[in-house]
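Following are the structures in question.
In what follows, subunit A forms one complex with subunit B and a second complex with subunit C.
And now, the complex of A and B:
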């Protein structure tokens, strides 16, 4: 399809669908398909011409389309407790239904009725524990259930900053191991030339992503932070392809033009600006957004989309290792607070909303201390609310509304 | 000038009529909350009691869980802001409020002007709330207003979970089956509520002037448990169930004054 003339949002939908279609076609034509953790390095597999699928993004889409409960039920019947991350449960439930279909030729009713985008089963999986440790067991289980190879990029937690050289060296060693595994899986030598090109492409995507997010510094803001949540699909799934770069550039150009013409995300209605700490509540995205918007509160800060600002020097594996371990939730509290402080400052925020996400323990358990530390520095009011990234049961609409209204009262 | 505050909670509806932002004209409580006839009944009762008409109210502010469903209200504020204002009316030096209502338990920190500085509250969990107390009263076949009587006679308070109301209910049933005295179990239930509320109020020593409000603070057993937990005396708001509605009525008065001042200002400029 011709993409000329498409705006940012149209390109997002177009390229997201294209990536999904490419994965399905890859499977049919015998190209390898890899399921990947969202912040695992994509560069190695893409350099080896492997089609990538991202279960976290897939699960988020299912959650947003209200399709999570059926798949959560499948996972729970398999023995996964409700305390397990809902991205993992949705994906393990989906995988189970796909696997049964592949084994029996019969499609389960839950799969037939699911609003989930159809994705192919993987030939290999790749994970990285730079955003949580659930990803290790989750992907090990996928690999065991499907009898496919599992590439693990083990990244040490950064208890102190800056990142030590021995830590970077260790991660470079992990990259070497991943390359060796890929050579064995693909039965051919690793393509270092293509790898360098993919690294360069990834950096161009990341630069446009940073440019887009940076537009929230303007007051009033031309960009509503919830749009970044939606555009995240491409920084996750397409950052090593030109699709992400093209889409972010187009959208950022549009917003810059809007800014010049005095067109803002909330028109004349931007009253207060907040930072949203944590993952979106995908099954209730509309409610969370509208509750804020109705109060004239725009989200202009979030460290979550910033996790994909993976800036490094192409050709320098040590620099790439540093980028993939510098994720703010893979660092000590002091650094996490500092990162969040920068997000709040650059978004010119008046308050902070902390998502106590039942799924993401790593992002949520430190919220209380993070909030206290940050308030000592900036004195800004904050509230926290209970929710979940994909399990709709862990969110209360009235509770969210109360907290947003109370935050607005404190920001007055 | 009359203003009205109405607090529509999960288990009760409260109304306050105030004259000139300072004089309590009437208060009313109906023990049934949002989604029921409670809000309409409390409005009807307070108007009949005072002989006033709804049109006599210069402003009506609604608060509480059902604040957006009360049509006669001119505006809505959160119960957090209203509790801060209402408790400040009774205790100017209050810097910390513990509000234990039917469904929520909150700790609200105030600045020197009585504005909300920070608040913490329970999330999707009934532990430590009035609803929890109601469930326990039913399990033990002791009326809510009799629980204090039993608590006073406890000799060896039982341990009751403060992390989950459902687990706590199972615990209490087991304790009853094991023959523990109701007096001791009830003291344990009160301790469980105190523990939840004080955990929200803050870590370490709480030195600020503290006010206790919300329907549950009418239970002296809970008050004693909180005092024991904090190792200090606490001040219980007079009429602790209506402090939210009172705050709403004060805010209604202040809003009217602000609007009048704004109009005067504009007139002078014009």
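And now, the complex of A and C:
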């Protein structure tokens, strides 16, 4: 399909579908398929021509299409407790149905009726704990249930900043192990030339991603932060391909042109600007967005999409190790607060909304301290609300509306 | 009171009154260092001349902790947070945090006690040599920080000696747990737990001596055939006593455990070697079957099945720490394996905030009836 003339949003839909189709085709043609944690290094597998699938993005999509409850039920029947991360439960439920189908040849009704995008089962999995240790446990289970190799990139929690040399050395050591594992899985030598090219491509994607996110600094903003949540699908799934770069560049160009022409995300209605701390509430994305929009409040800051600003020097594995471990939720509180402060500042925000996410302990259990510390520094008002990234039952629309109203009053 | 009873009283009073023990034994030591769950190189603290004391929360309702932790944080950390806010840990000279789960990462950054905290991270890609090097360096930094904070010097020689003391304790604990599976009449679940938990509250060579004496005394008795059923426990902890009493009421003997607070601590020794820090690191590399130590092979299910066979157990009771996601992730995998091996299991919730045990009593009763067949 010709992409010429497509705008950013059209390109997003097009390339997202294309990546999914490529993974399905890869499986059919005997190419390897890897399921990957969303911020695990993609460079190694892509350099070895492995098709990548990202369960977190897949689960978020299922959540947004209201398809989570059926899959959560499958996971629950399997014995997964309700407080386990809902991305993991949706994916483990989906995996279970795919596995049963592969074993019996019969498709479960839940799978047949699911709005989930069809993805193939993996030949290997890769995980990285830079955004949580849950991803270690989840992928450990995938590898065991499917009896496939598991590549682990363990980036130790940076309790002390700056990042220690012994931590970087350990991560680089694991990169070497990942390469050795891939050589064995693929039965051919690692392609170092392609690896370098993929690193360069990843850096170009990341640069355009940063440029796009940077547009939220303008007041009024040409970019609505919720759009960034949607475009995240490509920084996750396509950052090591040209698709992400092309899409972000096109969208950022459009927005810059809009800016020049005085066209803003909320037109003339931008009254207040907020930072959203945490993952989106995918099943209720529309409600969260509209509640803010109706009050003239635009989201111009979020550290979540910023987790993919993985800037490093191609060819330098130590700088790559550093980029993958420097994620703000993998660091001490002080550094985390500093990062969030930069997000608030660069978005010119008037207040902060903290998502107390039932699914994500790492992004919830420090919210009180983060909020208190940050307020000492910038004096901005904040509220928190209860939600969940994929389980629709853990969100209360009325509570969200009340908290947003309270925040708006404090921002006045 | 015979000597066995006397010894058991010593262990139990240590467990029931941890502050008292820490203060009393603290006289022989320069001070007390808190050890947060689940694995920390206590040997380094011991080598510094300080008493390491395990911090495992306690059965209590929480109110102050609600300000700082959402309801879905695990039960044990709710209690630990409440106790922090009540100032219970303020007598500590330092506290050491390991961060093998997301909750502990956060807890390490929100410590409200007065004692200075030292945090270190375990590597999770554990089978690699680079992981040992990483952890060796983390442990060296822990030692340096302790030296600075406590104004002490930790020599390699002292550390090697402390490792020896700890390994002796591990060995005697293995002897103890193996022996008492044949003496449920003498060592009931409450006492078994008390002997093990007292490790966290007493200096290890003292503990070793007392446990050795207990073993010798138990051995003098002929084993009496057990009329009830034999169970293996798995999970983080199996507390409080009220729960353990329910096992006894239903004639269930704890013949082996796979609890993080209990046997996982001493299933194997610190390996031999010249470099004490590397030795401590290698222990973590060899440690398997715990939800907090990554291994994509997931050997826990097979290990549990072996444990059941070796202890001639009739079933497994899963002691699920409320809202502990690492344990919750392991459960569906080993549950399938236990089912396939024909081993009955029951999952109960461990909640340090609960006061009512009626529901769990009913479930354990039904399970014991199932085992009776």
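Quick note on the criterion: the second predicted complex is superposed on the first by the 412 of 412 C-alpha atoms of A that agree within 3 Å, B and C clash if a C-alpha of one lies under 4 Å from a C-alpha of the other, contacts with A are read in each partner's own complex, and residues count from 1 in each chain.
Methods note: a residue touches a chain if its C-beta (ideal position, glycine included) is under 8 Å from a C-beta of that chain, and two chains touch if they have at least 3 such contacts.
On a predicted model such as this, the values are computed, not experimentally measured, just so you know.
**Q** Putting subunit B and subunit C on the same copy of subunit A, do they fit or clash?
**A** Result for subunit B and subunit C: fit.
**Q** Is A:144 touching anything from subunit B or subunit C once the two structures are fitted on A? First, second, both or neither.
**A** In the superposition, A:144 touches subunit C alone.
**Q** Looking at A:25, would you say it contacts subunit B, subunit C, both, or neither? Reply first, second, both or neither.
**A** neither
**Q** Could you look at A:188 and tell me whether it touches subunit B, subunit C, both or neither (first, second, both, neither)?
**A** neither
**Q** Considering only the touch criterion stated at the top, classify A:356 as touching first (subunit B), second (subunit C), both, or neither.
**A** both
**Q** Does subunit B (first) or subunit C (second) touch A:66, or do both, or does neither?
**A** A:66 sits against neither subunit B nor subunit C.
**Q** So, A:290: does it touch subunit B (first), subunit C (second), both, or neither?
**A** In the superposed model, A:290 contacts neither subunit B nor subunit C.
**Q** Determine, for the superposed model, which of the two partners subunit B and subunit C contacts more residues of subunit A.
**A** Greater contact footprint in residues on subunit A: C.
**Q** Put down the vertex angle at subunit A formed with subunit B and subunit C, C-alpha centres only, nearest 10°.
**A** 70
**Q** Looking at the overlay, does A:377 come into contact with subunit B only (first), subunit C only (second), both, or neither?
**A** neither
**Q** By the touch definition at the top of the document, which applies to A:219: first (subunit B), second (subunit C), both, or neither?
**A** neither
**Q** Can you give the closest approach of subunit B to subunit C, taken over C-alpha atoms and in whole Å, for the superposition?
**A** The answer for the closest subunit B-subunit C C-alpha pair is 5 Å.
**Q** Overlap the subunit B and subunit C contact sets on subunit A and report the shared residues.
**A** 356
**Q** Can you name the residues of subunit A that touch subunit C in the complex?
**A** Those residues of subunit A that touch subunit C are 78-81, 83-85, 88, 129, 132-134, 136-141, 143-145, 150, 152-154, 156-157, 159-160, 164, 166-167, 169-170, 173-174, 177, 332-333, 356, 358, 361-362, 364-366, 368-369.
**Q** Help me check something: in the complex, which residues belonging to subunit B touch subunit A?
**A** Against subunit A, the touching part of subunit B is residues 65, 76-81, 116-119, 123-124.
**Q** Could you pull out which subunit C residues touch subunit A in their complex?
**A** 67-70, 72-73, 97, 99-103, 105-110, 119-125, 128-131, 133-134, 137-138, 291, 294-298, 320, 323, 325-326, 328-333, 335
**Q** Provide the residue numbers of subunit A that touch subunit B in the complex, in ascending order.
**A** On the subunit A side, the touching residues are 356, 375, 381-383, 385-386, 394, 396, 398-399, 402, 405-406, 409-410.
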